[in-house]
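Each of the next two complexes has subunit A plus one other chain: subunit B in the first, subunit C in the second.
Then we have the complex of A and B:
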């Protein structure tokens, strides 16, 4: 029996989760939400995390009904992510590991998403679409690496959505993406937007600058509603994501798709991916907001895999890094 | 006009007679006959997951861009299939069947498997670099450069390698070094992920490109920048 506690706080969500042999015992989380029109900055985000982390830690232990002695390993997000929030969380993880006398494990955030997705959905060897505010990658496992087959060459799809939300002052509560999704359901008019797939990669900064510019003109002249813009943006962005996923599947001969990351909560994206999969006779796997959105349990799960395959992070190696490629990690726990 | 109407009406019947050789993510490819010639028919079928307007606009644009880019290449003396007919209602392109050819992908794979004379592959990548330089100097961005999208016509010796570029569906016209750099980046990623341990071979390809293109230095500079973007970008969430 192996019990791992995972600490995650690379962006505006701070979550701590406990996993025991594939069972999620607790997974509390808090989100730092900024007023409409504003994004979250590293310093303030770190301040938010500092103010709640110990409360969340206590919640995690209480909900799981465990004490420090029951924990076998302390996992934390090594990266990628925002510097200040990552440091804040790492400090607590390091301290707790030393206080409790438990080994530490630095986990790659992207791999946390993938391993949680695999655990919850039980998919065997899927093509993974990892889409969030900070990342957009199409990943497939091969020879001990999670290889990146396609990705954004500039900003992440979630970042595009979040920044668009700021332009038309959509609320960030519970998340800008969620609110765009609700508004999109009421949109009817399709506004043509740039569609930029480059081979297996995508680009979003062009669409963003186009819509930032066009939004004001279109809305002030009454040519469309904010709901129409949300609708059009989703239809375009998601079609691009489904396309690069399909290309990767065709390239690898894969029959399974797994969507992970915060943007993976979006039901329209899941629906579109489902249609594509059905046409190809492939299976679609997705999780709900508990596990799509950044959470501590996903770090615990990846940590569990790593720990059981014999990995440990020495204190001197327990730094954090803002840039950490998914394919840098040797996946020692899979053949 | 009556003639083209009757041809348009029977495009589906051409497809029925033809033999489907590939179903890709984007299109179905058939081999058939048209006006007495052996042709490849590329049919872009509707993607149901897309909003119908997104789908129609995108499919039409890709068909048009493909045909325009092929024509532009051919005018500049770069090998690409001859386009015989395009139907915009069914989004079908009828083009020359490049017979007796093998994809560069298959060729490299079999050459590596049989450990044939590496000199042979070097001459091949030199030629690839040259043909891409020519294409970029014409401001044609292929958009989906992979070794599966290059055909090697058999029966040509090392002195006279004949390469044909295909699959211009994502192509467009641009003079920007950024776009050319990204085009090479797409090839680099596809090349290295499909053919393991070919870093030196690809470097040679780029050297050949640099030597053959009049505008290469800005493009290679952009390629270096794009390569770093994946690593330097702040990844949050």
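Then we have the complex of A and C:
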């Protein structure tokens, strides 16, 4: 029996989760939500995490009904992500690991998403679409690495959505992406936007500039509604993601797709991906908001796999890093 | 100067001085933090030392434990850079102390 506690705080969510042999015992989380029109900055985000982290940690233990002695390993997000929040969380993880006399494990945030997706959906060897506010990658496993087949060459798809939300002052509660999704359902007019797939990769910063400009022009002249813009943006962005996912599937001969990351909660994205999968006779896997949005249990799960295959992080090597490629990690727990 | 965390007030010694070295004016800052035991001072050291300074140049920071005391020494080119680094360190230090208060004491080895 192996019990791992995982600490996650690389963006505006702070979550701590406990996993015991594939069972999620607890997974509390708090989100730092900024007023409409504003994004979250590193210093303020770190301050938010600092103010709640010890409470959330106690909640994680209480909900799981466990004491420190029951934990076998302390996992935390080593990177990638925002520096200040990562440091805040790592400091607490290091401290409790030492107080409790438990080994420490630095986890790659992207791999946390993948391993949680695999655990929850039980997919065997999927092509993974990892889409969030900070990352956009198409990943497939091969020979002890999660290989990046395609990715954004500039900003993440979630970042494009979040920054567009700021332009038209959409609420960030519970998340800007969720509110764009709701508004998009009421859109009726399709506004043509640039479509920027670059081979295996995608680009979003051009679309963002274009739609920010278009929003000002079209909304002031009443040529379209904010709902129409939300609808058009989603259709364009998601079609691009479906295209690069399909391209990777063709390369790998894969019959499974797994969507992970906060943008993976979006039902329209799941619907569009489902259409493509059905055409290819492939299976689509996705998780709900408990697990696709950043959470502590996903770090615990990746930590569980790493720990069981013999990995440990020395305290002197436990520094956080804002840049951490998914394929830098040796996946020692898979063949 | 007293650094208060909850019911505990630790007296922390700080000193800043400027040493002239020809045209190089380097600022130095020292901090000595007492802990209830050497073990806890070492835990604090190991929690606070792994991450590099966000700013690559213009500042150095060295942590050390001697007995029950964690000592920190900074050298910086500009007061502004020094202030930011010290302020950030004190935030992190108080987080370590709060964590120790809530989830300590350390288990026996």
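To be clear about the criterion, the second predicted complex is superposed on the first by the 335 of 335 C-alpha atoms of A that agree within 3 Å, B and C clash if a C-alpha of one lies under 4 Å from a C-alpha of the other, contacts with A are read in each partner's own complex, and residues count from 1 in each chain.
By definition in this document, contacts are C-beta pairs under 8 Å (C-beta built on N, C-alpha and C of every residue); 3 or more make two chains touch, one makes a residue touch a chain.
Model, not experiment: these values are computed from the prediction.
Visitor: When the two structures are overlaid on chain A, which partner does A:236 contact: first (subunit B), second (subunit C), both, or neither?
Guide: The first partner, subunit B, only.
Visitor: May I ask you to decide whether A:99 touches subunit B, subunit C, both, or neither, giving the answer as first, second, both or neither?
Guide: In the superposition, A:99 touches subunit C alone.
Visitor: In the superposed arrangement, does A:201 touch subunit B (first), subunit C (second), both or neither?
Guide: first
Visitor: Between subunit B (first) and subunit C (second), which, if any, makes contact with A:247: first, second, both or neither?
Guide: first
Visitor: Taking the contacts subunit A makes with subunit B in one complex and with subunit C in the other, which residues are shared?
Guide: Common interface on subunit A, subunit B vs subunit C: nothing in common.
Visitor: If you look only at subunit B, which of its residues touch subunit A in the complex?
Guide: Subunit B residues touching subunit A: 24-25, 47-51, 53-55, 57-58, 143-146, 170, 182, 185-186, 189-190, 193, 226, 229-237.
Visitor: Of all residues in subunit C, which touch subunit A in the complex?
Guide: So the residues of subunit C in touch with subunit A come to 43-44, 46-52, 54, 91-92, 95-96, 98-100, 102-107, 109.
Visitor: Which of the residues in subunit A end up touching subunit B in this complex?
Guide: Touching subunit B from subunit A are residues 10-11, 79-82, 109-110, 132-135, 147-149, 151, 153-156, 158-159, 190, 192, 195, 197-201, 235-236, 239, 242-243, 246-247, 249-250, 261-262, 272-276, 279, 294, 322-325.
Visitor: Which residues of subunit A touch subunit C in the complex?
Guide: Subunit A reaches subunit C through residues 50, 54, 57-58, 68-69, 83-84, 87-88, 90-92, 94-96, 98-101, 315-320.
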